[in-house]
Every structure is written in structure tokens, then in C-alpha cells.
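Two complexes come next, and they have one chain in common, chain A, joined by chain B in the first and chain C in the second.
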Partner chain A sequence: MKLWYLELKKMFFTRHMLFLILIFFLVNGGRIILGSRYDLDAIMRRSEKKAGEFEAYEQALAGEMTAEKAHKVKEGHEAYFAALGTGEYDKENNYYGLIYDLYRYQYDYARQMQEFTNRAKENAELFDRLGNRFDAEKNRQIAGIYENRFIRNFYDCRDFKFLFSYDFSTLLILLLALAGSFRLFYMEYQNGTQQFLLTSVNGKKYIAFIKLGAYFFFLFVLIVVFSLEDVLLHAVLFRLNGWLNPVYSIPDYQFCIFSGNMLSYYLFLWILRYMAILSISGFFAFVSFLIQHYVIPIFFNIFAVIFTILLSERSSFSFTFAMLLNPIRLMEPDGLARSYNSISLFGRPMPVLYAAFIAQIVLTIVFAALLIGLYRKQICMISGKEPVKRRKVYD
Partner chain B sequence: MIKNEWKRLFIKNRFWVLFLGMVVLKFVLLLFDTHYINTEIEEYRDSYLEYLSSYTGVLTPEKDEELSARYSEFLEMSGTYTDLKKQYEAGEITSEEFSEKVGKISRILNNKDVIQLANEEYQYVKEAPDRRYILYTNGWEALLANERLDLAMVLFILFLSAYLFGYDSETDTGSIIFSTVHGKSGLFVARERLLIIMIVTVNAVLYLEEAVFFQFQYGLPQPASPIQSLPSFRNSPFHIRLYMACILMFVFQTLGAILLSQMTVFFADRCRKVWTAGIISGLFLFCPMACFNTETARYFFLPLGMLLGSGYLKGSCEAVMKNGVLISEPFTGISVPALMILLSITILGSGVFFLVTFRKNSVKGSRYACKKNVYATAAVITLTVCMLGIICAATHEETYSLKHTYSRGMGFSDTDYVYVNDEYGILQRINIEKHDNLYLIRDVMKEPYADKYYVDENYIYYTQKDIRSGMVSYYRIEKNSLKEELIFSEAKGMRQYDYGTKYLGLISKINLDNTSDSVLEKDEITDFWVDGKYLFTVDKDSVNMTDHTNGKTTELIHDMILTDCIAYDSGIVYYVNLSGAAYAYDIVNKQYRRLDMERCKRLFLCNSTLYFINTSDQIGKYDGKVELYPDIKVSDTSCLSASKDYIYFVDSENRVCRINLSTDQMEEIKTGTPAYNVKAFRDTDGIFVYQQAVPTQDFEWVFLDQNIF
Partner chain C sequence: MEIELKNITKKYGANTALDDFSAVFTTGVYGLLGPNGSGKSTLINVIVGLLKRNSGEIFFDGKSVSELGETYLENIGYLPQYPKFYPNYTVYEFMHYMSVLKALDKKDIPERIDSLLTLVNLEAYKDRKTSALSGGMRQRLGIAQALLNNPRFLILDEPTAGLDPLERIRFRNLISGIAEERTVLLATHIVSDISFIANRILLLKNGKLLLMDKPENLLKAMNGNVWLLTVSPELVMEYQKRFQISNVRYTEAGCELRIVSEKCPDVNQADLVLPNLEDVYLYYFGERGAE
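Let's look at the complex of A and B:
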């Protein structure tokens, strides 16, 4: 434990690294604030809330949905449209006019989903009859995911989508992970402490394990810090309400494959992002060990990240095995979780999100195992050591 | 010296254990690997073999006659059985009579699956009896056609090569060995010879193991049959026997293994690490394997292509589906010149790697070696040859396999009528016999709307356009199982595309809202059809051909094409341009031909004959020369539509008429109310007529069955 703490302290909690984290923390904050000022949707949502003219009606409507409330919203909505031609303005009716679609969506959600799952079940039966086992299974999965969903309480949760779809902090964590990987092995060579580690009684395998553990924990700390910043700033900027409402209360998340509430969905997204970050960081660590050089691994890793980002944006790689192995896709988990997409694994459908998650776990284990194995044998391509010069042999 | 090295490796360093391990690994891999064979044949294997036992080999006229007669007899009995069943159900015969009559034919009917399978094999051989023999193919298919990288052999070669040439450097004993009497060129050459001998031996042992495995599992009968007897090799450009194909595969794999070993030796010499050299060489195999989904691309990467081997003998073939199951994947064949280039590169590459390593590791080598700049020149020349070879091989002339036809208003096959519901835009299918109407787009996560559709024997293709992004997606639905898949998508005329966030939040929003309407209209697809792996799309001023497996698009025709004036028949596109002139474009030979026809406003293809409606609303036939049907005037709203024997249309007096294709006589069909358009079925006499329905007074498509004729 002490060794692990020392590794953590030695490699990451240094002046340079803390300074870098601070800068990135400020950049992230700036990005959230500026983003909310330049994004058209966000500007409109914020200006509505900032005026605060509907706050009282919003509070009155919030909470359990009843037939009376629904009736009231419907009447208000009709009155609002009737008044549009006359130019009369009633604040309450105006609010109902604006909120009508959302209220109707949340009120009708259970019935709509029931119809939807019934359709999926019918499809499953049809495909069973036609002998198409894959699609039958897929439709059964869909029915299983979306069955028995309902929304009990009404909240205007639409602003949560700004929080859920915000990915910039992941990019910053990725850059910090890159900077951290550089300190894993090369610094040891540069400072001449590698020899001490190699001759340690704990053994090379243990040292590699501790280094990797410290590195992954460092990333965990970064994720906690940045996710808290994201959530706090978004909560302040958009005055987020309804944390305990199901995530499908947001119309854009009608078919979200996760059924929990907003809070658990946010944690779920970060777990997925953490897995993707671990996998790509495992690769960073592996490359940093294999090429123990000042610049080359950084360039190599940056190139690898850019390549994977570009690859993840290619539509032709959508929902293929190549996509599952691409950690960048899992770093944007919100897009994958919003609707059900499946991939064929051994002839059976599997939600893409879960398949990608498992693929990233496997990749992380592979990179960690490779790194530990190579560290034990001290097999690297370019090391910080003086290269052994070839002897010239004369006949 | 070889003997000493052999002893050191196999006895002292216990490589024999590794070798045995690899033999066991190979066996385990063979046990658990999926072999793409005809599983139906395996299901009825004994009966199938028994049925075919007297017909195997060349398809002689006697065998042809006998097989044909047996199948006809089977069909006759099936018909008899159906008749008897109908009679029994109608109460015309008693159960005793039914049992007595059915009893005689039940033995044959019980064997119907075997007879069907045998008939398929017979039909396959009959297509080219001089190049195909009747044969039980599963064993040979498993041995030759299954593309698999021999993992056991690759691992063994990687480790052996890296260990043999990298271990001394890694442990710093190289200098001691180098200073001995034979430690210079002698030792290097001896190790190289040992390596080559080991590669050939190991490859032979593992290949033999594979052959023995498949011999026991499926059997490898008649090795003297031509390679085209196997369905996977039906288009093979090589006229060789099956045993010869095995030998060629062995040669390819051995050459690939030698190149791989020489690469590993080179890297081991440079890195001076056994594992690093092994991993780097391994990357040359596993990266292309992982990166390329299409089989063909892998064969252009050496040494991977050589180690896989079988694709070089295959020739082009399309995907073969049976009852919704993929029997064989599509494959673009590698031409013989391309194969020759790849073989040359393999041999040349092995030589260059050997020479470079030899020069560095032996005094003899450096003495005989040329000066450095000569080596550099040789390396540059070799690389250039390699690159040119790969480019030539990759851009070899494409072999087309085009056989479908397309024409607007083409009759629908079988008893299914596919259409897009005019009111809702939903893709539906009506089965005339079962009287059921089915929604075809069953994916609940997707809208059921379709823009355009095209139907062939096995699939229903349709397009969907996302208005926001301008993305046009082409899907296909398998007719029997309704299994749907996306085959291709492309961005056509982006208007406003809200990306949300892109590149991990680096770009938050892009709006492309300055696209003009004319650009959007120009990109709108007016027609499309699919032939094999090629997707043909027609927009306002061009016809494009896209290989939907890799997205490669070629513009075939650049001309303004009139609506309803395009037809396609087995690689030839017929069209009429804006000035009314008709052309035929041959895709394979890339040649235009002006058709000597008068100006027309509709074009239609039926039984490889072009029919047209001219600007005077007269129907004409073009079969090298123009023939007009002078007494007929076609309605403005009508298209031409054809069944097997007739062409249907609506005349200027809104009557549905048809022309008998064999007699050229016109007949009128009574429809009650005036008709405005007509659609026919290819194989049945039923037609759809667009007319005003009596009770609702709405215009709709009404089905008229064969009784009206």
C-alpha cells in the first residue's frame, strides 16, 4: 500500500501535474459556461429559466401526475392557442402552451411504451414463425428492455441532456492520462531510479502492477474531479430539477436502454467512460513502456488517439466489431445509450453499449497483461538506456 | 553444423515439446473451428451418398438422363400426392384408398430432402459438365475453401525464427559465437537452411494433419475431380484437379511461411529481442486480418495472403444464400497475373530479407556483398517493384457478374406484390394467394417508411432518406425470413445537419444550411436497382454504380435522363436522354451505342426486348429494328408493365389492354370503371389497376385476378 501511495505521489502529484490539472479544470469550466452561451438550444432554455416568470406554475405542476393536472394543462394549452389570434396574454396559459407537449409525452409514456413493446412481441412471434431467430431474439430483448416503463412524477427534465451529452471533460482527462503515462516509466530512466525498482525484493511483476494500479487510480481521481465540476456547473447554469425522475422523462431519451433515474444514469455514463479511459490509458502505458523515449510515445499516442477519434466518426464502422474495440465510441456513451442498437455476437443480438463495455474490459486486461509481462522480462524496443553498440568484427 | 543446431534446438532447448504442442493446438483448432460446409448434406449424409454413389464422376449422357428421369419421377409423385390429398380432403376417396395409393409413393417422398439436394448437385454440374464432376463436396470444401490462418504454424515459425536468430544477440553470446571458426557465415547459412527445412517439414506435417482430420470427419473422395466441382471454386480460373489444388495451397503456404520467417529473422537481427521480433512480425499478419473485412483485400497483404492461400484459386463469386442462410460469402477473384506478381514479390522479398541479414551477420556475406549504395538502390528497386505489384494487383481489371434486369413497371415475381402505401409511405407486401398484407419494415426502432424500392429473387431493397442529415440509406430485406440489413448509406444533399457534439465535444455544432434547392433536387435519386454486389442509382443527370461492399462509386453515364426512360439488362443500361435519343451503355466493355429508335417518352424492357412509347403515344418494339403497333394509342398516365407472356398498358380511352408477346395481338380487359395505370405480375395473370373505386370514389390500386381473363 505504501509503495502504491509512493508511486502515486511520485509520479502524479507533482507541481507540474497539479498545475496542468488546474489549467484543464479551468478550461473545462470555461467550456461549459461558454458552451451554454453559444449553443442555441442552451441559450433558449437558460433564458426561459432566467426570466423565472413560470417558476410558480412549474412548481405547482411538478410532482405526481394526475388526471386533474393533465386536464388543466390541456385546457391551458387550448386557451393559449385560442388567445394567439386575439393577442391576449395569460402567463399561466402561456406556460401550459409551452409545456403541453412535454406533459403529454410524460403522461402518455407508459401507454406508448406498452404499444411499442406489444409491437416488438408481435414481431418476435412473426420472426419465430419465419425461422429468423436473430430478429426474434432481438425483438424479445427490445420488449424486455422497454416493458413496464412508466413516469410517475412530472418534472421538466429536458436540460439534463446538456449534462449527459457533454463529453469535453473526457477529452481533457484523456490528455491528462497521456501526460501521466509519460511519467510512468521514462521518468524512472531519466532519474536513474529504474535500477532500484528492478532490484527490489518485491519483484518486477509487483512493481508493474503497482505502477499500473496507481495510474488507474489517478484516472479515477481525475474522473471524480471533472464529473463533479460538470454536474455542479450544469446544475447551476440550468437549474436542474428531477434528479430522481427516470431518464426517459426527457423526450430525447424515450428509447434510452437504461431505465434508472437521472442520477444513476449520470453515474452509469461515467462508469462507461471510465472503462473506455482505462482501456486507452492501458494502451498509453503499454506504448510508454515499449518506447521509453521523451517524445516518440507522446507523438505515437496522440496519433493513435486522433486516428481512433476519426475512425469513431466514420459511419461505415457503426455497430461493427471494429467499433466495439474503439474506446472513443464508449467515451461518448450517451449517443449509444439513447436507443437500442444491437450487434450480432455468435449469431445472437447483444446491445452495442454492453458489447462495447465488455470489449473495453477485455482490451484493458490485455494491455495490462502485456505491460506486466513485458515489464517482467524488460522487453522494450527503444529504452532510455544507452544502446549497446554493435561490435565490429574483422576477418 | 545443421545437425548440431538441430540437436541444440530440439533436444537441448526442447523444441520438440513446442512442436508437439503445435500439433495438438492444430488439432484442437480444427475441432473447434467452424467449417463452412453444406450442413444439409451432412444431415442426410448416408442417404445422400447412397443416392449419388452410382452417379459420381463425370456427368455422362446416361447419368444425365437417369438423374433427370429420377427427379421427374419424384416431381410427378409429389403432384400425385398433392392430388390425392386434395381428393381425400374433399371426401372423393376414402382413407383406405388414400393410404393404399400413398403407401406406394411414400418411400420416395420420405426421401425428398435427399432428392432435392442431389438434384441441386446435378443441376450445378449440368451447368458446366466438362469442368464439374458429381461429387460429395463437404470434405474438400472444408479442406480447400475455408479461409483460415494456420495459427499453430504461424506461432511456431515466429518463435522458431526469432529464437534461432535473436536469442544469441539478446543474451550477448553472439559475439563469442561470432568469433568461432564457423561462427561467421557458416553458422548463419546453416541456421537458415535448418529454418527452411523446418518450415517445409512443419507445414507438411500440419497440412497432412488437416487433410487426415477432414478425411476422417467428412471424407475426401475422388481427388482427380476438377476444382470447379466445388461450389466455392465454381469460377476458378485454374483448370486443375483437387489434389493439384492441395499441392498449390501447400506451396503458397510454404512460400508465405518462408517470407514470414525471413521477416522475423530480419527484425530479430535489428531488435536483438526475441519477443519484440515475434510481435512485430505477427503484426504484419494480424493487423490486415483485423482491419479488412473483405476477404479479397487480405490476399494483397504479404505474407498473410500466401498463408491463407485458398483465395488465389477461387475466382470471383457472389454471395450464395439459401433459405436466408449465407452459404458462401462474396469474393472478388484475384487474376492470374496478379497472383504471379504476388508470388514474385514473395520470393523476391524473402531473398532481399535474407541478403540484408546475411550481409550483416557474416564475413562472407560482407565480402561478397556489394557496396552500400548498391544495396540501397536494390532496396529502393525492390520496394518500387513491390509497390507497383501491389498497386497493379489491387487495381486489376474487375470481373463483373451481372445478370439481373430492371425496368420501371417490371412485373412482380411469384405471388407477392410489394408496394409503398401511397397514403402513409409504408412499405408493404401483399400475398395474392394467402390474401395477407404485411408491413415489411419490422424494425421497431425505425420508421416504417420507404422512398424507393426494388425487388429481385431473394431480396426486397428499399431506400430511406433522413431529411435532416440528407443521408440516404439502402436496406435489403430477405424475402422469406424478413431479415433486414443496411447495405449502403451515403450523404445526398445535406441541408442542415446538426451534429450535436463531435470529436469528444471539440466541435459542438455544424449547420450546413446554405445548400440550394437545385443541388438537392439534382441529388435526388429517381431510380435504383441492385445486381449482385453493385448498386445502381439514377439521379437527374447521371447513372452511378456503387460496389456496396466497399462503397466504391463509379459514374457510368453523365447525361440528363428522362423519367421512366431507363432499363437495365445483364450489364447493359438502356436510357433516353433529354433530347429523346436512346442509348445502350455496356458496363463491362465501357461502350456506348446509339439505338436507332425514334424519339420516345417511356422505355420498357421485357424478355431482353425493348418496348417504348413514342412522342405520339404509340407503342413500339425495338429488337435491332423498330416495329410500331400502329393502331394503339397509350394513355398519358400509363406505364408499360409486363408479365411472362403479355405487356399491359392503359390506352387513350382508359381501357386496360395487353399485347400477346408471341402473336403481337392486342386484347382488351374489362375493368368496369376507367383505368389510369396498370401493374402486372411476372408469373401470374393477376394485375393491379389504378382506378376509381366504386363505393368510395377514391383512386386506388385494385387487384384483378386471373378469372377476368
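Let's look at the complex of A and C:
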């Protein structure tokens, strides 16, 4: 048995924690199923898909886009509009009428982006001539990101946006992370088991590192569990199709700075969220260690949760250095990834999303290093107190 | 092996818990006796490094423990007072966890755990959750974990607290068995815990070391100070006010009082008897009578 596994079992495989995870898992599922955050079109699409209304036409149109298919969609769209006046309803034309804009967007995407990148390159040249190195570099970066993009296959991917922008599970994971941070040092101290740790070689030297590692792994497991729940429920509810299509197949993601497919974009979002959660959790672990001698961590955690919720409710953030250091912003990475936003770092433009990601990695390392360093020196030990209060708080 | 504590002082604010404590420990069992609040746990916490001392130094085989660092920890085994375990661990998992914490060689761990669980008679319970162990079993598990690294200096803080007499005897025998080649420091306020097994006894009062000597010497020094006197029951209260009484026994002839006093309580009736360690404890830590 490895130490980190034993640490993981000790801290998190407890009845209380498993019960809490189960409750949160159910709450998250309920939120997805009953959620009222979908627009009217999405609700209609969901019921149409459920009824299998347009299944045959969808299957016929799905896959590689051809001029023939495009022509058929155009004809269907025209017939649909004509029928609106006469009242003659044709299911196939109705379908083509509804997806016309989407098909046209996907069919034309490569051409539009080529025009866009050409303009960016022209801008870069102009700024070079004007001696504005920052904007020249920024436009070159834009051209680099959006160049050579194309969509080969047509799928109605619009409902993927609900999966990508869904962040309630992140908040639940954060709450579990807070509950977990409480178990790292405070409970060892209150339970009296800290004495075993501090009077053994590895207990004094490595245990803070191992605890933090186990904690971060626990968060990773939570992310896997909740992300799977999110993806499965969304996939079933919206019958998501086109997982391997590029993420910019969704009109709202036309300028998404990530060029991979739906699946990889979803993983990418979770990596960013994981980093944000690690950064916040690292901070809470650090503070919990510092004030482990008191009941304060309980109040602190409650305060932290309220603060986090309030902060996450803020809809607009300016792109400043302070924003990079705010992990809450990275907990909603979809908003940052949908379009190109840059920040000046040492006079050079850098996409905000990547800058925030790096900032959170640095913050996590700083908190971890502080925690491990202070633990080894037992800085939080307060003279004038018995080293251990004995109160049974482990379940 | 030799552990020397030199002029150790530990203060909690204005309160001095350990006052210039000095002692040298070699192989054998050392009983640390003192009433509650005398500084036993503070001393132990300072020795194992849980508390920082205000002044003084600890030497292990002549080397300062501040310089030895981890090497010192490798040589000590510690059983805290009222040890608590992780409730969702089995006995084996807890031992394994402690083995890794104590940096035991990975390949030696299973064998070491098995032999120690056999030693403390817990081999049949290795898959039982620690939360389901009785008080005696928990203490034995505490001892087993303290022995994992085969320590040369074993420190036990109130190891028999809460145990029934049978468990206490079992525990005592276990300590005797493992003390042959190491130093065992056993802190307690229960005299019978150490009366049979301690090679030396330290008496601690208000953070100060009163005495450190062999039990026989302590007893010898008490010779002539313990009396047995039978009085009528109505006189018991009066004698309790005047003398330190270590035992009261009601017999057909009246009340038999065991009195600790330098002076003979009654020239005509009192018999001089041999002292035991409880008399010693009472002599040093009990409230003095008027005489």
C-alpha cells in the first residue's frame, strides 16, 4: 500500500464524505435535468429529438458537407418560407428551414475565416509599419489561431454549448474541496493523531506533501465523477452528436481560441477548471493548516463558500493582472475561450485564458510550497498551549 | 545507549511547566511518577519534539538532538496519552501507515507488522477496524506502532489509563519483555504500573525533578516512616487530619490505618511496617497532615 493511498483513504473514504459526494451527485443530476437555463430553441430541439421528429433527415444530412446537400438545404429553406405563407407544411422542408442558418454557417466557415485571417495579417503589416509592435504581434497571433480552419462534416452541434457552459458541478466540487481541506490538518490536530505524524521521520518530512498530493488526487477523482455525470446527462438529454467535429462548428464558438474537436474541448475546459480548483484548494489547505488549532476553519470554510458563490455571480471581469490571479474566473473557462482576448505580458500579447492558467499554476505551487515549508517547521504551533486537544472529530 | 536531558525548561506564558529538568537515561525501564499537572506530559512532549523547549538541551549518545534531526526520530518510539487512531483504517492498515511514516524498508514491512501484532497479541484482529477495538487492544496497538522502528528509546505516556486490571497486568508484562535492550520511559500517576517493572523512578512535582533513584533505594529511604495502627472508627477522621494515611481497612478489631509519618503516631499501638511505592508517592505528593 502506498502512503498517498492510505492518506486518501484516511481523509476522504469516510462515510460522511461519501454521503456528501452522493448528495451532491444527485443535486447536480437534478440541476441538469430540471435546469431552466436552456433557451426556447434548445427546449424545442430537445423535445423534437426526443420525439424523433427529424431523425431521418438529420441522419441523411449528417456527415461530409457537399454542394449537393447544401443545395438541398437551400431549397428546403426556401420551400419552408414559402409554406409559411401558404400554410402547407412539409416535415422535411421544415427541418431544412430550421437548420438552414447552421448549415450555411458550417459550409461557409472556412471561407469566412480565411477572409478574417487575411485581414488580421494586413492589420499586422499596418501596425508593423506604424511601429506598434504590440498590436502587430496581436494580429499575427489572431491570424495564427484562426488560419486554416475548416469544417468538413455537418452536425447540429448547437446544444454542446449547454454542456460547455455548465459550471454548477464546478461549484459543487469546490464545496467538496473545502470540506476536504478541513480534514487535512485540522482533524489530525483535533483528533490527537497529529502526534503520530510529528514524531515519525516521514511524518515530519513528507506528510504535508503526501497529504496535498492525495487531496489533489481526490479532487481529480471528483472531477472525473462529476464531468462524466455532466457529459452523460447532457448527451442523453440533447442527443449530442458530432463529438469529433471542431468546436467552432457551433456558431457561438466561431472565434473560440481552441481548435480541437468537441471532446477535446470538453477535456480542455476541465483541465482549466481543475487548475482553478487546485489553486483555490491549495489556498484553503494552507489557511486550514495555519489555523488548525481553532474552530475557525469551520467558519472560515463557510465564509469562503459564500464568498466564492458571490464572486462567481459576477458576470463581467476586466482583463487585468488581478483577474489572472482570480481563480474564480478560470472556473468558468468557456467564457474566456470563446473569443480571443489578450493581455499584455512583458509588452507582448498573450491570450487571457492561457495567462490565467499559468497564473493559477504558479499560485498553486506557491501555496503548496508555503504549506509544506511551514508544516516542516510547524510554524503554526503556538507555545503556551498543549500541543494537542483531544476531541473525537473523525467519524 | 544514553539519553541526557540537560537543564530543560519549558514555560507556557508565565507558568513554568518544566523547571531546569536534568536526567540521564540508560538501558532499562524508567518510571516517571507525578500527580496530574506535574509536567510529565510536557516533559515527554519536549523529548519527542512535539513541544519546543525554552532552554536546555537533549543529547542522544552524546550528540545534540538538534543536530541529529531525523536520526533522533528514527531511534524513538512514542505512545501518546489516550492514543486515537484513524477509524476507517484496519489494524493492519494503521500499522502499515505508521511503518511508511517511520521510513521502514518496504520489503520488511509485512514481516515486521506480523511479528509485532503477534507480540502484542493482536494478530487475530489485524483486519478489524481500529474503531472496533477495546481500550486494551488500542493500547497494545499503540505499543506495537511505537515498536515498528525498533526504537532504542521508547516513551509511553500514561499507557495504562482506562485499562482494566487484567489488561494492565498484560501490558506490564509486555513492557518488561521489550525493555531488555532499550530505554523505556513510562509516565504515569498509577504507582502499581511501575512498581514491578521500573529499574529507576523519577518523581516529578511542579515541573521539578524531586528524586531519581532505584525503587529499592526509595523504599529504603522511607524505612521507619510507615506505620500500621488500629483505631476505633470514630477516630479515623482525627488521624486523617493529623497524618498522611495511605490506606484505611476496616477489620473486626477496628480501623487499620496505614500512616506515613516520620514521627510515630502512637507509641503504644503503632507498628512499624515496610514501605511500598504508594507510601513513597504519598510521602512526596500527598497533602501533609498537621504532624
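The working rule: the second predicted complex is superposed on the first by the 349 of 395 C-alpha atoms of A that agree within 3 Å, B and C clash if a C-alpha of one lies under 4 Å from a C-alpha of the other, contacts with A are read in each partner's own complex, and residues count from 1 in each chain.
Keep this in mind: a residue touches a chain if its C-beta (ideal position, glycine included) is under 8 Å from a C-beta of that chain, and two chains touch if they have at least 3 such contacts.
This is a predicted model, so every value here is computed, not measured.
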| item | value |
| --- | --- |
| Comparing the two partners chain B and chain C, which touches a greater set of residues in chain A | B |
| Partner chain in contact with A:Arg119 - chain B first, chain C second, else both or neither | first |
| Partner chain(s) touched by A:Glu92 [first = chain B, second = chain C, both, neither] | neither |
| Touching partner for A:Phe255 - first (chain B), second (chain C), both, neither | first |
| Chain B versus chain C as contact partner of A:Glu78, first or second or both or neither | neither |
| Touching partner for A:Thr193 - first (chain B), second (chain C), both, neither | second |
| Contacts of A:Phe13 with chain B and chain C, given as first, second, both or neither | second |
| Which superposed partner A:Leu3 touches (first chain B, second chain C, both, neither) | second |
| Touching partner for A:Glu147 - first (chain B), second (chain C), both, neither | neither |
| Interface residues of chain A shared between complexes with chain B and chain C | 381, 388, 395 |
| Touch list for chain A against partner chain C, complex | 1, 3, 6, 9-10, 13-14, 191-193, 195-205, 207, 381, 383-388, 390, 392, 394-395 |
| Interface residues, chain B side, partner chain A - complex | 172, 175, 178-179, 184, 271-273, 275-276, 290-291, 293, 323-324, 363, 367, 442, 444-445, 471, 478, 480-484, 489, 500-506, 508-509, 551 |
| In the complex, chain A residues that touch chain B | 31, 35, 38-40, 116, 119-120, 123, 126-127, 130-132, 134-135, 139, 142, 165-171, 174, 255, 309, 313, 315-316, 320, 322, 328, 331-332, 335, 339-341, 374, 377, 379-381, 388, 391, 393, 395 |
| Chain C residues touching chain A - in the complex, by the definition given at the top | 12-13, 41, 45, 48-52, 70, 73-74, 76, 78, 80, 82-89, 93, 96-98, 100-103, 145, 149 |
